[in-house]
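The same subunit A turns up in both complexes below, where it pairs with subunit B and then with subunit C.
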Partner chain A sequence: MNEIGRRDTQWPLYEVFMQEKAERPFQSVGAVHAADAEMAILNARTVFVRRPACHTLWVVPHSAILMRTSEELADDEEDDADTGEPQRYQIFQKTSQRRAMVYVGHVGEITAVSPQHALRQAIDTFGSSEDVFVWWVVPNAAITSTDDDDIDSLFAPAYDKIYRQPSAYRTFTAIRKAKHSSNQ
Partner chain B sequence: MDKTLTHEEQLAEFEARIARGEKIEPGDWMPAEYRRQLIRMISQHAHSEVVGMLPEGAWITRAPNLRRKMVLISKVQDEGGHGQYLYHAAESLGISREEMLDALLAGRAKYSSIFNYPTLNWADIGVIGWLVDGAAIKNQTMLAQASYGPYSRAMVRICAEETFHHKQGKEMVIQYAQGTPFQRQMVQDSINRWWWPTLMMFGPHDSDSPNSAVLIKWGIKTKTNDELRQEFINEMVTDLTAVNLTLPDPDLHFDEASGNWITGPIDWDEFWRVVKGDGPCNAERLAARQEAHENGRWVRAAMEAFAARPERVMA
Partner chain C sequence: MELQTKHALAAQLLAMADDEILLAHRDSEWTGHAPILEEDIALANLAQDELGHASVWYGLLHELTGEDANQLVFFRDPTAYYNIQMVELPNGDWAFTLMRQYLFDVAEMLRLTALTESNYQPLANAAAKVRREELYHVRHSSAWVRRLGLGTDESHRRTQKALTTLWPFALQMFVPLPEEPALVASHILPDADQLKQQWLDVVLPFLHQAGLQVPDTLEPIATSRQQHSKYLAPLLQEMQEVARQDPGAEW
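Moving on to the complex of A and B:
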């Protein structure tokens, strides 16, 4: 036990997925620590949604997600654990190396008897693994989601806070005017 | 990666990936030194965001009007959020958030020295936005290209929000520079105090920066400390003089040959003094973090108790 931290600041890690508008794909935006999923939603809102736009947030325990990079798949030594009950899994991919603030994005759903089984099916269903740099397999049972009733309280207030946007400040014009008048 | 490869072959493949512009992601092979350098940089960066809340937070109750107060609260909230993005990016390399917080609270961790200077007047809030955040954005825009995916993504997110911080500060400084004699004097006093510490934010000269070569080789950084500092100086001198503010440097001059504004010598003795713990506010910042951590203990305990409660009985 550490004298200072007293081991009370770690908590489980939850991955956060954001959907910007209805019908848009969920994307991984980062992670938060929380003692439970309910608090993870609140932390995720504070950390990732201080500005518009968000329609729905998901939080999922980090430990519940199967994550594989293409480099790891090339060296695949997965155990076949294909004996469980069929479950639904949400499949996410990273398909671009461009500058971005989001990581993997949602591509579809698979029903399978294990995460490894779901990943193999996802690779067959959602494109060749050469075009995909990272795969995430998220069990539906592990997802905690906001619903439409939460939008007004959690996400709508951000729209009124225009002073959080750079466009609220006319500094370019102010400097240009100052330079112009000092050249007169 | 193929586990039968030798270390040299793994390293060659790793460097080839970086040369192709691929991001290294959690789970991918990386040299131990790459991991060590990233943990060092990202954790210091995270601490800087968290400690950076303190000098500005001190003025929330003294903001001159409601708009400025809302802006400042939002900015300080953002800094807290940025710390969280970065702690998470560092955690993806195998260090725990708790280890990083312990290092900060125990006074072992470094953070940007700029936050060990006091905020003495209200104009400091504007000058921090324009100068200090402006310097930070130079560095962060470069780091948004970093080869490590989680660091790069955190930086892209942070840069988008820092642009607001920068512009609200710039707006405030321009307004005071064109305001009453008292406002002009207040903002000039602030510039005089922050100019040199801001230039120190870019770190030691390249000749005294032992980590730069490896950071550039592995695509963590793409520019050196002196290159970023010079870009910043050139932009700031032009804009600040346009609004009739002066800089506290009698040696400042324009060099026609290079097209650069050249400053007088930076006081590196002061820089190292502050880094090593002997700046104006080092002790105060650490005490404030420790106090905040202690004051939050009952909240953390309550949240844990709530999470551990028996299942609620449905009515």
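Moving on to the complex of A and C:
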């Protein structure tokens, strides 16, 4: 942990991954602070599922994710610690600088004996087609997920809350009117 | 519907709506003041949900009697409010707010579950819809009460104090309204005593597991919803202030 991390008195940071519909890829949408994974799920729901549709949420401790930018990959020789038990890892990439609400998106799964091992395999498997600015390697063991039973209570009610949409208010009409009259 | 039944049902809907609107107002007071940003958003979210529930019950009341929600909420004096005293109480600390929320949420969830079987179909339909997110409310408030109860000495002390203070207030949730027995007999409402027993079956073991002592009483703080604490008038003064400055304003 770095200097700033050591001085941080806040709760641990959890990265939040959202799947908008069944079978769609998970995307990282931001992070929440929480004392533990169960609270992180509730906080993630509160912060990131107020308006958009959601099918499944994952939370993962920030510290459990191997994150590498393309610059870091070019500069660093990773220590090989390829001696562990084989584990499943979820691989995420950032391939566009233009997306404001999503940082990295899911591209696939890898079985490997360490996060570094998983990353090297991921680069071979998923790295060829386009520029990848950032890689995230997420161990399956660190993921806490909502399940299908949660959809009805955590996510479905948001569909009926049209008052959370900006379009539910007459502001736009008011702005158009104001613009229209100032143009005359 | 018979006039007597209609009258009794209107009183019940008003009681449910008034409880929710005042709890929504208290929750909204945390906006900008909660211990962390995520919970600030959660409480604002909760306030909006309870406001939404109030709007549902005032809406059913409007269908029944033609009474207008805005008039009821913003232009009624404290003596005409029909809420329980628990939702009037100031927020206190985080433990007090979450304990109140927990005790209320479990009762609401059980009441809504029972109401999905109501013979009054509009009430059964609304209950089924509202109940979905109430499961999340219970999950949120119980997660907090458990952590606070089993947390540090300070969090435990504050949570125990909150429970001791709130317990007799919470029991007022199960005091039947004067005309309620007729509604229970015609299967429009669940029986209040049964509801109380169901609630005790949930909260007693849960609070015990959270390391908390439940006060040894089943006496509610008040038996009439016409009795209010000194906290209601200042709450309404703030909640109604803007609407009353210009009663004819269009929003």
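In this section, the second predicted complex is superposed on the first by the 157 of 184 C-alpha atoms of A that agree within 3 Å, B and C clash if a C-alpha of one lies under 4 Å from a C-alpha of the other, contacts with A are read in each partner's own complex, and residues count from 1 in each chain.
Methods note: a contact is a pair of C-beta atoms (placed from the backbone, for glycine too) under 8 Å apart; a residue touches a chain by one contact, two chains touch by 3 or more.
Keep in mind that this is a model prediction, so the values were computed, not measured.
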Checklist entry - Taking the superposition as given, does A:S153 touch the first partner, subunit B, the second, subunit C, both, or neither? => result second
Checklist entry - Looking at the overlay, what does A:K161 touch: subunit B (first), subunit C (second), both, or neither? => result both
Checklist entry - So, A:V32: does it touch subunit B (first), subunit C (second), both, or neither? => result both
Next on the checklist: I'd like to know which partner A:E71 touches here: subunit B for first, subunit C for second, both or neither.
Outcome noted: first
Item to check | subunit A residues touched - subunit C or subunit B, whichever exceeds | outcome: B
Checklist entry - What is the contact status of A:V47 with respect to subunit B (first) and subunit C (second): first, second, both, or neither? => result both
Checklist entry - Can A:I175 be said to touch subunit B (first), subunit C (second), both, or neither? => result first
Checklist entry - Taking the contacts subunit A makes with subunit B in one complex and with subunit C in the other, which residues are shared? => result 10-11, 32-35, 39, 46-47, 50, 161, 163-164
Next on the checklist: Show me the residue ranges of subunit C that touch subunit A in the complex, using the header's touch definition.
Outcome noted: 36-39, 41-42, 45, 48-49, 52, 129, 132-136, 139-140, 143, 147
Checklist outcome for this item: In their shared complex, subunit B is touched by residues of subunit A numbered 2, 4-11, 13, 29-36, 39, 46-48, 50-51, 67-69, 71-72, 74-75, 94, 97, 99-103, 133-134, 161, 163-166, 168-171, 174-175, 178-179, 182
Checklist entry - Can you list the subunit A residues touching subunit C in their complex? => result 10-11, 32-35, 38-39, 42-43, 45-47, 50, 152-154, 156-157, 160-161, 163-164
Checklist entry - Which residues, counting only subunit B, touch subunit A once they are in their complex? => result 1-3, 21-23, 25-29, 67, 70-71, 74, 77-78, 81, 84-85, 88, 91, 96-98, 101-102, 105-106, 144-145, 149-150, 152-154, 156-157, 160-161, 163-164, 166-168, 170-171, 174, 178, 239, 241-244, 290, 293, 297, 300-301, 303-304, 306-308
